[in-house]
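In this document, chain identifiers A, B, C and D correspond to the written order of the chains, with residue numbering beginning at 1 in each.
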């Protein structure tokens, strides 16, 4: 994966709304990414992360800690492994989305 | 090419050329109820000798056309009908863009369709053929076409390709011997025999129907019914579609709408009779739900 | 076996197809498909009235064109992201380059694998970066690596594990076994930056590459499509680039491709009426160099012999019949099948996710 | 009668993730974020397995165009008088046969050494040569 996992606090932003088409199918969300023509299926918490960045607005970048803040305002957060800090888990989710081109990653490091 | 014919199945028009006369005669006979007049075809299929020598000595048919698979194995001339069927399938699978193409069978009643999909050997083809003899309209045993604009099912009722045990079952079911093609033995898929759909089904092949129920049948398993979640349907159908990705946004819209709008069940059944009965039962239950 | 010519005519003069009977259209469509020019034909006919049943076919083709180009450009984006830490130029080649640069040659052109050119000194790093970004060897035991590395102008092909798209990484534009030795360093030095940060070859080098690909690299496979590329590119470059003819002559000489370029231009002129770039022979009584936009190139090769061998090339290139039969198999066209058989991981993964999600819900 | 195992799951539109605040529940929704090592995205890939399956077996000729050449132990095409070289195979091999040979079985109708030489030839196939696609499809990882 191209995840910038070793860099300090990569920053991410939503794509312009027109780049994605999102539809709930059953318990997952199907998302059509127009620039690539690729369909992805997203499980929790990914749709909510996309929502959080979208609310922030396209082009406004946030790192994992800030995204955590944004979603913590609306949800109780629970990870699979209590030993893993939420921020680290979210950083992983965000890196995965950026690698697929589903969110933008800030060019300045 | 030396010999040729045109065949229209549902919305798809084929031109078939052959180095030999026999395959064209067989096709004309098998497809006698379909439109056979000359058109500008959607696809060209070629049944050609693998080499000049092979036209005469141990003749072997290579499967070619607008779309080909590299390194595809040729078939002996005695299996030319199968070669033609595979070549036509291949054109559809790789080249069709007007509809979302699902590897599935379908039948309809009262203008509403049951779509049955599953891996090869799951029984979807035989089940559709059986239902087609028992008061349902046969819409197709191999490909189901979903119109992205209207959400309707477009029939593709090519002759059913019966394999092995299904041949005897359908010979028992269908009295009219004239509806069967020649028996093709020792093909790479075993023994194959084609069954022409009932003339009414072919006559109605341009009439679209509303999808109403999606089934994932599995033959030879103890009877069971399972609800299938929309997400699972979605993924399974993307994998049962050879042109989902190629259709881009239209494919996405069509398929998400499809899985969200109709109920889906996985059914396991031990034999054809049980399969038919389970489809009938699920159908009537759906009917009740729709009326309520 | 001359239906290639009817395709050429339909492309250069779409109106000429207006009078075709259904049988004529059928032959034309099949021949164009076999020559990998159906997409181009569909675009050429887009503004012409064609019979409805022809429009059904061409409309589908245009839709496929759009999807194909989007996919190709996205693949280039992905390679760019994967190679972000590579400091050298990443140069797009062939169809992806035309599309990314917005050249008219891209219109309707089918694009296969992603081809990129990098400096030979960086090839290990590029390889490592691609492998770590999800590409893998098409043949997982690339034990014939040595062969590739020693004799080929590219790495063994790689395919992206989840997108199923192939990438060919070149360090020059002809196999090292070929006679001409293009100056790879010059190709790279002259490459033009695109706004995305990726590069394309300079216009003159693009023509050199297309000509090399056509004539010095194998057996004219895809010849007609290649010549159509050259026709479109030459028309555009001649109109938009300063001193294009001189640049092209210089670069062709530099790369040892003067013969290939001259021939490619002659062939495309015969097939597609490409305006001449090079003057054939000096105008009697005029200083050839000063007399017009064209320049002189190897005048001694003007001969009946050349004429005959051009005719042989053309016969080979246009050798397709109205059933789409030609001598060479379309191995590449359907190549994308290769890896999909028997792979169905998304379903398994999705089931896994779904089960996990539901278990979470029920807690 | 039906749905015995999943009746609890309710109607066709199951309880989807947007339920929480819209219904004005008192407790907030819990968002499950997974673990570092897991993935929450599946990408849909082109599925052509059915198409490939519908043309049965692919074939690999050994060699492509013989021109009378033999095949040496390393899989190279050599002249027929080369010591230890094998004649061209009289028939093409199917993908399945090659697949099995790669796992240790001999190619049908060949000796152990001959099979090995043929396999070495097949491994050397380049993109564009006949049989390459067939070979490559056998090699693709099946994860």
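Points worth noting:
As a convention for this text, a residue touches a chain if its C-beta (ideal position, glycine included) is under 8 Å from a C-beta of that chain, and two chains touch if they have at least 3 such contacts.
Since this is a predicted model, take the numbers as computed values, not measurements.
The interface with the greater count of contacting C-beta pairs, when A-C is set against B-C, is B-C.
Rounded to whole angstrom, the centroid-to-centroid distance between subunit B and subunit C, based on C-alpha atoms, equals 36 Å.
Averaged C-alpha coordinates give centres for subunit A and subunit D that are 32 Å from one another.
Centroid to centroid, with C-alpha atoms defining each point, subunit B and subunit D lie 25 Å apart.
With touch defined as above, residues shared between interfaces to two or more other chains in subunit A number as follows: 26-28, 37-39, 41, 43-44. Among all residues of subunit B, those that touch two or more other chains are 69-70, 94, 229, 231-232, 235, 238-239, 244-246, 248. Annotation for subunit D: residues touching 2 or more other chains are 14, 32, 39-40, 42-49, 51-53, 130, 132-133. Chain contacts here are complete: no pair of chains fails to touch.
Subunit B contributes residues 229-235, 238, 244-245, 248-249, 252-253, 256, 259-260 to its touches with subunit A in the complex.
Of all residues in subunit B, those touching subunit C in their complex are 1, 13, 15, 17, 38-42, 44, 46, 48, 64-70, 94-98, 229, 231-232, 235-236, 238-239, 246-248.
On subunit A, the positions that touch subunit B within their shared complex are 21, 23, 25-28, 30, 32, 34, 37-39, 41. The touching residues of subunit A, counted against subunit D in their complex, run 24, 26-27, 38-48, 71, 74-81, 84, 86, 88-90, 92-93, 96-97, 100, 102. Per the touch definition, subunit A reaches subunit C in the complex via residues 1-2, 26-28, 35-38, 41, 43-44, 99, 101.
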